[in-house]
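Both of the next two complexes hold chain A, though its partner changes from chain B to chain C.
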Partner chain A sequence: MDLIESYKEELQLVRKPWSRMWVAALLLFLLIMPWITQEYIVYIATIIFIYSIGSLGQNLLIGYTGQISFGQAAFLAIGAFTFGHCSRFGIPWPIGLIAAGLAAGIFGLIVGIPSLRLKGPYLAIATLGFGIAVYQIFANSDTLSGGRMGLIINKIDPVFGLDRSIFNYYFNLIIAILFTLLTYNIISSYMGRAFIAIRDNDIAAEVIGVNLMRYKLLSFAISSFYTGIQGGLYGLLMGYLEPNMFTFMEAVTLFVAVIIGGLASAAGSIMGAAFVVLVPQFFSGFKEMVPVVYGTAILLILIFEPLGLNGIWLKIRLYFRNWPFR
Partner chain B sequence: MSEIFQYIMSGLAVGSLYALVALGIALIYRSTRILNFAHGDITTAGTFFALTLMGFKLGYALSYFLAIIFGSVIAMAFYFAVLVPAQRRESTNLGQIILTLGFGLILQGLISYFGGTEPQSFPFPLSDSKTFNLGAVVVSELSLGTFAVGIIASLLFYLLVQKTRLGLAMRAVSENLQAAQTMSIPTRKILAFSWGLAALLGVIAGLFLAPALLLDPFFMLEPFLKGFAAAILGGLNSLPGAIVGGLILGVAESLAGGLVSIAFKNTLAFLIIILVLIFRPEGLLGKEFIERV
Partner chain C sequence: MSLLQVDGLSISFGGIQALNGVGVNVEKEEILAVIGPNGSGKTSMFNCITGVYHPNSGNVLFRGESLIGLSPDSIARKGVARTFQNLRLFMHMTVLNNLMLGRHVQFKKNPLSAFLRLRREELKHRKVVEEIIDFLDLHPYRHSLVADCPYGVQKRVEMGRALALEPEVLLLDEPISGLTSEEKEETAYRITEIRGRYKTTILIVEHDLKIASRLADRMIALDYGKKVAEGSPEEVQKAPEVIKAYMGVD
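After this line comes the complex of A and B, so read on.
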């Protein structure tokens, strides 16, 4: 939406002085938030951070590369259970977390292979089939899923004498910020431009020298890496894992987060993650109504505001920037 | 040996229902290039409507008839109220698929709210405990009825599409929308009719699946996904393919469940999807889509 005059400006994360002000204010608020709010709100915020990692990854795949995937629950499960088994064998958590991401990434690579031949709806079904097959394998195999009791994960002990919930908050906040920065770096590099070229027209992209195979597979691998990390962090926060946490509904939730937040926008994915976490909280009395809210939001957004929450946000900013004029 | 025939027979009964679901999916895909993710939820809504009507002591035939009409009306309402405005705003194909997903979520929530999430048994005139002996094979009344209905519905559907003027118009619309419009075919009405017809086939399948499974808001998820698998196996744009795919999937699943492992039974459909899509994306009977640069 901005007029960019130089490559240096393109590489900047935040361009306008006013935007710098509110980004700084937001970061400051996130830093002091656990000390001024209730524990419950801190917990919700922690879950939003975890979800935003997954929806950032999903947005790289759907929004930037234009490859649809309904199989994210499978990557979540693979990441979470890899992390769980690593933790059971006493492997320290940083290695376990990376292993979770890598395991999901490798499976993402495998699922990406059909994407070289399939498009749009066909790819949606292939990934959907993968998601459900993985769920059923986990649900039917006691060695993988830890049996009826689920898999217990050792939590990390808080450092600096922090409260456990506050420690979890900062831990996940830092990882979420790292992944947000990583996403901005990816989309402003050659790789991000290659993804966008593939989305807009893959044949044209190949003609101007984008290696289709490499970048489609990379997109799948990166997005499942993010989702695997989300799974690992989620398991770490919950302290236990069972296959029922990773049903088809979970994949739909991530998908809804990306669509509602806004396709091809990192800020939008975080807003979308906040949406899908907050809606069930607001409707905790009417659990049945949560899918209705998701569905209605999808219909309204796709028909009236295809850019999602991020589009609304951009319009508000534009309005105030040009204020007396329209 | 007779065991194998037994598995094949029960597989055919389930497969004919998968075929009905697959027909609905393929019909919509063929005419609009939309994968209808709300298909299962429309079916569930129709089945729940039948249950509610039977609560009012309306009798089997009338409540089933009204349920089928109800399902078709929902699907047509979705087409006119959501898809047509979306198409006017030039939404992409993927966007329209996501719209069906959203509509499915809405239906799912409403069904859970009004119908309750507890599994309920579904009253049905055919019982699955009364059995007949066909040679060495034992067939229950329900699966025999299921198989018969599946075949009759597919046959009637075939006659409608191939032998009537309406069917000709439907084929024309799915072949080339613009050309059909210039030939003064009312394409919007035809497409709405296709949506209604697809939902009708789905609700019939749902009515026969509900007594075998228990009725809850998610009972169609698995049959719906298998219908998807069947449609892909046969070729998404081919109607005979959907029937063949459904029957093959039903038999394969039943054999895999009986001879290999019962845990493997449900995973098979998804393995089939992935394998078919990798090696022969156009399916058994479908024609390959060729995209021109």
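After this line comes the complex of A and C, so read on.
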């Protein structure tokens, strides 16, 4: 039985006892994982956390607000290099990270302006142009990109005597959890509702008082902020930056993560991020096949499970909830 | 002074003059029915009032302020809400969230409360929305997706969403088309009830003349974008121009 006694109770983040149990189990698993697995797997998990942040942001934009953007590689680069330059000037990492997000967010606002006029594929093309332009600027400007040597970023020294890889794991895990919570908060607030309204029916949204300009730009800014943070964290993990890390392929990767994971689903974004990180690892022997796997996966998902990995997950849960009935 | 003054409203799409100098004054707490054959400009008039279309000329005054040139969302904020002829709901949201979106203009929109999950506003507006759910008898559908609801329910959700704005003027575009006869009766009752409870001024586009004339205090008739008659429902229905518009001339 599912009884709710107050509106407040209904607004809880994790309400049902079963959901509470598996969320707790998942968190516990994530906490002890670095101690029971090999360093390599810990490293992959760290990368998944970093990508989750970007795909959560991208899902806010594509999945919730319905604005297709292919400029994500640019925000990634802007975030990463902002963080890199901050680190070069000796600015402490928390400020550098926020600066990375804000810089990307501001550019997101600017790129969002065409979205007030353009829809669907036209917006995708406009943002694609921006993504490629920014890559070219970083590739051709030595001052911005740190030249041939790339930009060296000072890593954070592990605390509590932790191993470096384990420290990186926990560091990125905490930030990823914060951004996951932030995403859930946004989508269940008035802001998330306005985003979904714009996606489902922009004229109706406007007529009931949603300011299209404000919320479209806000969505662009928030999603770019996420991507900028992802860029900063990626730079921090790698310890160096070069423009070739942020080609158009990166934007495609984030896009794939959102589609595979499931549009308009925060949990799906994380699953999608895991997918795009794990596929290149499984196919590390023949890297040129990775885009083929992405393409096939998208086709299969769109045909058989438009809700993505999250849809599969929902169906599994539904099966067990209704068991033994079907 | 009338609450809503429409004056010389004209709009054309290419060669088609959808509205040609339409003017009408709507008094406070009045129900005004707009009738006319298909393509006579009824919905275009609604679209001009709510800012979806920008008229070529003419003026719309609401409480003495002009609404011309304002965006639909600022018009909504001033207190003009509407429903659509072909439902424009947020299909992938629950009924509850659709109604909560109707409260959007009343929300104190502090981004921090969104980011940090502060839910005071949410709870406050939820109370209002629950009253509307009560009024429109939507309890069993509260948490179902709008796309899964039957048409009659969707129609009610759209009316509820407009009501949630607590508008001063409510524009209903064919609120009873496509409903069963019981649902029509219920809706007609609810429309009068809305005026009684919320002191709302209502403009209603309707093809069902029997119900429209029962509901309306006054009626106007449009034909080819022009106002051809205005007055009490009986007067308008007997006007020769209206009969000509509906039946043609022999």
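Criterion: the second predicted complex is superposed on the first by the 317 of 326 C-alpha atoms of A that agree within 3 Å, B and C clash if a C-alpha of one lies under 4 Å from a C-alpha of the other, contacts with A are read in each partner's own complex, and residues count from 1 in each chain.
Following the convention adopted for this analysis, contacts are C-beta pairs under 8 Å (C-beta built on N, C-alpha and C of every residue); 3 or more make two chains touch, one makes a residue touch a chain.
Predicted, not measured: the structure shown is a model, and the values here were computed from it.
Legend: residue contacts after superposition of the two complexes on their common chain; A:194 is shown touching chain C, with no touch to chain B. With both structures placed on the common chain, the touch criterion links A:13 to chain C but leaves chain B unconnected. Of the two partner chains placed by the overlay, neither chain B nor chain C lies in contact with A:38.
By the touch criterion defined above, A:185 reaches chain C but does not reach chain B.
When both complexes are overlaid on chain A, the residue A:203 reaches chain B and chain C alike.
When both complexes are overlaid on chain A, the residue A:299 reaches chain B alone and has no touch with chain C. Taking chain B and chain C in turn and counting the residues of chain A each one touches, the greater count comes from B. Touch criterion not met for A:154: it reaches neither chain B nor chain C. Legend: residue contacts after superposition of the two complexes on their common chain; A:244 is shown touching neither chain B nor chain C. In the superposition on chain A, chain A positions 203 are in contact with chain B in one complex as well as with chain C in the other. Those residues of chain C lying in contact with chain A across their complex are 50-52, 71-73, 76-77, 81-82, 84, 88-93, 97, 100-102, 104-105, 107, 109, 111, 113-117, 119, 121-123, 126-127, 130, 161-162, 165.
Taken together, the chain B residues at the contact with chain A in this complex read 29, 33-35, 82, 85-86, 89, 91, 93-95, 97-99, 101-110, 112-113, 117, 221, 225, 228-229, 232, 236, 263, 266-267, 269-271, 273-274, 277-278, 281, 293.
Listed in rising order, the residues of chain A touching chain B in the complex are 66, 68, 113-114, 117-118, 120-122, 124-126, 128-130, 132-133, 136-137, 140, 203, 248, 252, 255-256, 259, 286-299, 302-303, 306. If you check the complex, the residues on chain A that touch chain C are 7-8, 11, 13, 181-182, 185-186, 188-194, 196-197, 199-201, 203-212, 264.
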